[in-house]
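Here's a structure for you.
Per-chain numbering from 1; labels A, B and C assigned in written order.
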Amino acid sequence: MAEFIPSDPPMIVLFTDFGADDIYVPQVKAVLLREAPANTPVIDLLHSVPSFNARAGAHLLAALQPEFPAGTIFMAVVDPGVGSARDAVVVEADGKWYVGPDNGLLSVVAARAARVRTSRIVWRPESLSASFHGRDLFAPVAGWLARGDRLTEKLEPSAGLTLRLGAGDLAEIIYRDHYGNLFTGLRAGSVSCAATIQAGGHVLTYARVFAEAPPRRAFWYENSTGLVEIAISGGSAATELGLDVGSPVTVISPSMPN
Amino acid sequence: MAEFIPSDPPMIVLFTDFGADDIYVPQVKAVLLREAPANTPVIDLLHSVPSFNARAGAHLLAALQPEFPAGTIFMAVVDPGVGSARDAVVVEADGKWYVGPDNGLLSVVAARAARVRTSRIVWRPESLSASFHGRDLFAPVAGWLARGDRLTEKLEPSAGLTLRLGAGDLAEIIYRDHYGNLFTGLRAGSVSCAATIQAGGHVLTYARVFAEAPPRRAFWYENSTGLVEIAISGGSAATELGLDVGSPVTVISPSMPN
Amino acid sequence: MAEFIPSDPPMIVLFTDFGADDIYVPQVKAVLLREAPANTPVIDLLHSVPSFNARAGAHLLAALQPEFPAGTIFMAVVDPGVGSARDAVVVEADGKWYVGPDNGLLSVVAARAARVRTSRIVWRPESLSASFHGRDLFAPVAGWLARGDRLTEKLEPSAGLTLRLGAGDLAEIIYRDHYGNLFTGLRAGSVSCAATIQAGGHVLTYARVFAEAPPRRAFWYENSTGLVEIAISGGSAATELGLDVGSPVTVISPSMPN
């Protein structure tokens, strides 16, 4: 693919569990309209991150962020602890910015990056709702970063994130798409095509693509984000296999005895 | 929060029961692209207002509109009577514009405003579909208002709305968000933290925020829009309590005997 | 309705089965941001085309495209055969552009157009995922067309589409909207108001509009896209009649014996 050129102003990418058809995202966008430069592109990357699940979100965000150019500002919010003592942070990782809670959500991206800088958001708005920091705290910060403001008064350098999930893969289902395909937290680059994937008592072999898989039989393949995905051609793997987010998966290498 | 500055052109905010992933909203947007000034911000506030339910929509709109700056143009359409004799109106209330049917949907905002002016839309397009006034009638009017056109030929001053729901609160569930949280039509400012809320045989006490509520126990709190909301930390109140839009709720004040 | 004036740059209209709240559309939009001119309007026409169903999609696209002005670029992708040998094409039909797979999806629009030109996309990106040509192949082509680039190196003239569904109507349910209304592939212009529609054992008579139909009784009417639609006022025809996409329908003309 052609190189992404950083846009000016940079794009803001939203990654939340707020739901695409609910009242939360438009309130965030009203704040971005006010605080970010005119013509800032705002992209709804995903608003159906598994609800309250920062761990699945962390691995999904790490898989999806390479699609976006340097300079991109991610506002990533999956925040069951909103209103508690968890911190609010800005992470700069390999030239991209991430604004969100310090609850693990940004920690897989941070752990896999070559260059990382972490800051705590010490600024607080005059009126901060107890339940919607996406609108009141994270959106203004994302908007100001898009203006090129580096927020020296509002951020404080930090030694790193408090809650860290590490750089490794996650051997679980982390996302179910609307077709019923199941994304795992395993990067396919490290899994041999000769390996089988076990999940919920099912044993799945590899196919390169849907059109090459036997009709209506579950298989695994490297999906367009580079993750191991479990799918059924023309059907819903989630429904037919009885699997969902959180289900564990196991890779059985070809040389291992069954 | 910082003051909202009216944008130029003003933003158009859509509030409908058209569904976010259906064929209706894009047709409205195609009309706005044609009729509103270039670069008019268009915000999808909500397209899952409870279907056909102008009463719930009226209270939800009244709770959500304060997030948007003066000058904002709301196109609000929940319109089960489309094609019947119900009128089409423009309401100017405290510096914001509301375009929609005269079926109660705009009447709570109007009743609560300090300054209100109501006009009937007497203009009709050459070709008006019987079922989609959102596209054919309301969207052009919203687009022209965004141009700054005050539509003297197309509107007619009116003494007020025909169907009025009043300024008071609504002691019912008016919205279920995608987490399963239940919004009531009660403004929390008038409910004491010591009060309990009764709904469907359940008795709910107050918590300030999710993180302070006992895990997996239903509670009520003041949500980010200022309404009394019934929720369960990490779960779906709608599913677990068997409540939905339309369910009545009762406030039990602390001084009252049970 | 007023005439649509072609915009400059032209709008890009997305029509897919990618889901509105999933990870696919934002990746397409990131590519369009990179490849299309700044300020290109991008409209999400529909992302819930019945999954894998190019035939239903073809008839729905043909019904919806008249809402959009000459010059519009449609990226239409319902592509169960992605990764197989099916071709990728650009169709220019009556002054609008359609980019997508040669699997029937564009063929009803093409068959009904007065002027059609078909080209095969011979360009391939350096890195083409096996499962997401929407992002890797079709989105760049749509973006370049929006720039006014006619892609002489990347397209090859073709005698026509390989898979053709013809210009005729489809006597089936082709879409279920979020209210539960059922769109057929029959254009209402050719069906008499005196005709009844039979579907799944139900016999449905005509009503001009929801407000004139008997409450909670199924009827048929000409919907806002010009198709015969089966609906229930205040209810879900899909649920109450047990019909869905693919269910056959029959028109019984008034002069025919039962």
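Remarks
Basically, a contact is a pair of C-beta atoms (placed from the backbone, for glycine too) under 8 Å apart; a residue touches a chain by one contact, two chains touch by 3 or more.
Since the structure is predicted, the reported quantities are computational estimates derived from the model, not experimental observations.
Counting the residue numbers used at the interface between chain B and chain C, under half appear in both copies, so the two copies meet with largely different residues. Chain A maps onto chain C through a rotation of 120 degrees [Cα fit, steps of 5, range 0 to 180]. Note: centroid distance chain B to chain C, computed from Cα atoms, is 31 Å. Multi-chain contact residues of chain A, defined as those touching 2 or more other chains: 19-21, 39.
Chain A makes touch with chain B in their complex at residues 19-27, 29-30, 33-35, 38-39, 51-52, 80-84, 125-127, 129-132, 135-136, 140. By the touch criterion stated above, chain B contacts chain A in their complex at residues 1-2, 4-5, 7, 11, 13, 19-21, 39, 41, 43-48, 60, 64, 67-69, 175, 177-179, 208-212, 221, 223-225, 233-234.
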